[in-house]
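Each of the two complexes below includes chain A, the first together with chain B, the second together with chain C.
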Partner chain A sequence: MRKPLWDLAFSLALILSPFGAQAETSSETQATGDLGLVVERATGSVLEIDRSDRAALGRIEGLGDLSHASLTYSPDERYAYVFGRDGGLSKVDLVAQKLVARVVQAGNSIGGAISDDGKLVAVSNYEPGGVKVFDAETLALVADIPMKGKTIGLVDVPGRRFAWAVWDTGEVFLGDFKGDPKVSMIGNAGKNPFDAVITDDAHTYLVGLFGEKGVTAFDLWAEAPQPLHFLTDYGREGEDMPVYKMPHLQSWAFAEGQYALPAVGRHQVLWVDRQSLKQTAATEVAGQPVFIIEQPASPYVWVNFALPDNGKVQVIDSRSHEVVATLEPGAAILHMEFAPRGAEVWMSARDDNKVVIYDTQTREKTGEIAAEAPSGIFFTARAHRSGL
Partner chain B sequence: MLRLLPLLLALPAQAEVDAPRLAHMVQQDCGSCHGLTLKGGLGLPLTPQALEGKPPEALTLIILDGIPGTAMPPWRPLLTEEEAAWIAAYLKD
Partner chain C sequence: MRKPLWDLAFSLALILSPFGAQAETSSETQATGDLGLVVERATGSVLEIDRSDRAALGRIEGLGDLSHASLTYSPDERYAYVFGRDGGLSKVDLVAQKLVARVVQAGNSIGGAISDDGKLVAVSNYEPGGVKVFDAETLALVADIPMKGKTIGLVDVPGRRFAWAVWDTGEVFLGDFKGDPKVSMIGNAGKNPFDAVITDDAHTYLVGLFGEKGVTAFDLWAEAPQPLHFLTDYGREGEDMPVYKMPHLQSWAFAEGQYALPAVGRHQVLWVDRQSLKQTAATEVAGQPVFIIEQPASPYVWVNFALPDNGKVQVIDSRSHEVVATLEPGAAILHMEFAPRGAEVWMSARDDNKVVIYDTQTREKTGEIAAEAPSGIFFTARAHRSGL
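Up next is the complex of A and B:
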């Protein structure tokens, strides 16, 4: 008789105690570790999705012109900072599913980054050209750094620093925002850098060039980083084709000790040895590569393409450099985002108004979610990776 | 799209162009560089004000042949001359 009574008393205590109340609330608490946002570029909205449930949770509107929009996450994965084309910087709360702050900080911008400590958000602007740095909490302006042209390839560098390049002049800058801003030009990358990326170990800043052949690397671990130009002779033979969409470098693959790089204006993925910076192979692909993204925890990279081949996606084995699969996931595949451990990939099919989900082992479609002209897909796991 | 309809109907009749497809292409694909609202990006603004004084024939040629030395590619491999002319008129309107 005694034991059941104890149990009852214990249960009652649980129900009545603040603990019990909290347990009830926490069942409604929104964890954000498996959430993500899909940019709906024409409608100026982002669609919040739950990766595990493969479901759309809600739509957050009023973010302006989101062509070429990208975003980055706060370290607690609660807030997203959305960088819009129209110069808008918007802070979205994933838990409340709403826009909590927005500043229109330039006429025309292209992307941004969050500092390694999560305290500062920097935006790369086309018009007027330069970089602006904001307090991540309030979006108050912290620093304004005008440049002589459109800034591209803005990335975070450890130690509350950012690096970027200037399309018009080729100059590369490193800004230190630990105290009073200190900005220094570290070298010239070459003619018309179109995008840049930092390796996940924050060692190398790679700048892709549009105006001339090649890629320029800066060793950011060095005391005084020097520009190192490579791939200067690729594609000497044969005629380049017009580029209908600039490749993106934000997710350049770093597989098997190699960089997998898009050949600008050619139907090729180029493989470069990370140590020697020598080209080791070229893979013929179905179109001009836009994104080349490594499938986490695997030897594979996935590639999507510019117009008119943007309905295809190819998978390449980074060991053999062979195309191992050609998929047709939908109309106008603009972006691909992998689950952090690589189990599945989400791809935006802009002209089908949906996001399609593929299992990476079977490479079969396992689901889809309706979205308005989706472009970039961003999972919150990005919060914990340098350069994203 | 519905907002565009009167505009599409008002344009001079052109030979065999798929107007909704081209309008979609202008917004989404030209928009990749010129901005979805065509107010500019990596490429220059393409609003009617920005294009004032530029003859449609010249714009058609730029669309077809691109601008060498810049990021503007020739669209001739993907568009007919009629389609390029339609886009030029559409941008000016």
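Up next is the complex of A and C:
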């Protein structure tokens, strides 16, 4: 039924429109592989962009408080699920460029993920703490899992599963939703986990700690995952600086077999061997790292910083651990998103009200797009990656 | 201009069609993130499929000789570039479900790739040997690079570059098309390269040899890449069997830090440490391996086989190197394609005229789709990966 109807609309356009000759290209923006959304944090809106055309397509409004928002995509790259600070879960249709569903599911939420098969969306909440799981199509509640505190670092795990940690107790949980929901505590990560990530092969769940030094790893391929604590003695010799912004652990997979991690409260990026979990190097950088993100298909990572250094971005070679470039792309660089094959990077310059685009090979600016106080940038290619 | 026109067509459908209430879902199949094409080798056609719906959407015909065909996708996941045995390069529009351009650019071609920015499509040819580069939008010839023999293993390299090898001479070339085309010979891989791959981080170009034992690696991050020859003495103690089908080297990146490679002419999968390039293990399997493909976000690889064992598929755990499952999904399993996050695998059963779908967790069949003598299966998610 569906396709013939669209054909009808299309035929009518051919007949009735003076622009009939252009009809074939009129649906060009509906191929969704190179679309994306930019979170406009102050206005509760997202800006839809076309990555290939380096153009804004439209603005979708009414998404609530997006002052600390993230989002994830459906497998067909048509729908985005936006997790807002106010506990709102909003479903945005990128083809129709509109909000199609919204539930305020908690008082304060921190992020979420979509299951590997695209059927379920899980949200981790601060107030009240816990995890809620929704049907991805209808946003109907599927499971409500109370926790003894704020949940952080929720990620998708293959087999319609999710993992998360609890700030207050340090406990790490694995939820399995393939049949009847089963939730089990798999171990304690340590004091006050502030963020967590899963490696791109879904092998290791890495939990960053705020209440004590170090990071805790869980081998999710093991029958009974055990917490492995590492980086426990970095920075012991000096005084930590105040933390201006909590870093994100969105960086893990390097060909050189390393993790690159932010040193909480320090102007350093720490390098850890993936096999041994030993620190191998530390790179002095321009400020407190916020995001450390791998440039795909390259030896480089890009780093942005907390105040007062958030106008800078540095590029580090993961082989030598040396800073190879320091850029000043704009005022208040909040996020960086790479084209999935690495040819360019888009960066949010919040206080310039624009997104700037750099060629990763020349490291020069190739374009920019106006946006209202932009923060997170999310390309639809994320739909095809585990743990994003 | 484009979008308003489409809006007009859409509005007309709402006004004029008795099915107006369904208009919102009428464009559902145009989100292109979960589409794919199945090569129908005997009929010169491709079957367009919707991965989420596990359904065929339509058949596109007139693509020439597809008896050994591959294809690649544009960054927006709208267009496929199909490389046919007859030297034909065909551009297929997945939204309109039709052939939009076709050039017969050589007498016999073997495969191709699209540049990281989506601007250029390169084809490696057997007859006459050499590489031709085309504008991805128009298929106009951009560069014609003659070679002293058949070209194999052509891959995209970041920075609008391509690498390939020459069967007759063993030479490996890197072509840079960011400015004026520059083509340089970077080294000799050895006797009769039969296929080559690039790792997913674009770090290492691996060239499989047919005229001598072994595989040759080139570090493409190095200023001056050098050939590193390894696996030079496997199988020395026994007599090789005749090779029924040339294997493909489409498998490289494992969390366990290994390559899994087919032992040419043997019933073995060879494991090589990525850092040391030393063989670490060999797995006895049910036949001569053809494809060894990583199940995304898992410790497993799946293997299919040459005649007479091409009705079997085996699953190997990359940690223990043991076969953990032997499946018989159908008659003449020619190819396997995983959902990008690994939840299921689609397999072509050529002599059953169908594609069978397996859940990767239960390893049980969950669906099938009729297709004419199917061979290669290509999901649009490939658009976002280097080297595919």
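Basically, the second predicted complex is superposed on the first by the 354 of 388 C-alpha atoms of A that agree within 3 Å, B and C clash if a C-alpha of one lies under 4 Å from a C-alpha of the other, contacts with A are read in each partner's own complex, and residues count from 1 in each chain.
In this section, a residue touches a chain if its C-beta (ideal position, glycine included) is under 8 Å from a C-beta of that chain, and two chains touch if they have at least 3 such contacts.
Predicted, not measured: the structure shown is a model, and the values here were computed from it.
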Query raised in the report: So, does A:307 touch the first partner chain B, the second partner chain C, both, or neither?
Result: first
Report task. Determine, under the contact definition given at the top, whether A:361 touches first (chain B), second (chain C), both, or neither. Result -> second
Requested in this report: Look at A:96 in the shared chain and tell me whether it touches chain B only, chain C only, both, or neither; answer first, second, both or neither.
Outcome: second
Query raised in the report: Counting only touches as set out at the top, which of chain B and chain C does A:110 meet: first, second, both, neither?
Result: first
Report task. State whether A:66 touches chain B only (first), chain C only (second), both chains, or neither. Result -> first
Requested in this report: Return first, second, both or neither, reflecting whether A:276 touches chain B, chain C, both chains, or no partner chain.
Outcome: neither
Query raised in the report: Does chain A have more residues touched by chain B or by chain C?
Result: C
Query raised in the report: Which of the two partners, first being chain B and second being chain C, lies in contact with A:332: first, second, both, or neither?
Result: first
Report task. Jot down the residues of chain A that show up as touching in both complexes, chain B in one and chain C in the other. Result -> none
Query - Touching residues on chain C, where the partner in the complex is chain A - result: 1-3, 5-6, 8-10, 12-13, 16-17, 19, 22-34, 51-52, 57, 73-78, 94-96, 116-118, 156, 158-160, 178, 199-203, 221, 254-255, 257, 275, 296-299, 319, 339-344, 360-361, 380-381, 383-387
Report summary line: chain B contacts chain A in the complex at 24, 27-29, 31-33, 35-37, 39-42, 66, 71, 73-75, 77-78
Query raised in the report: Which bits of chain A are touching chain B when the two form their complex?
Result: 41-42, 65-68, 85-86, 108, 110, 126-127, 150, 167, 192, 194, 210, 242-246, 307-308, 332, 350-351, 373
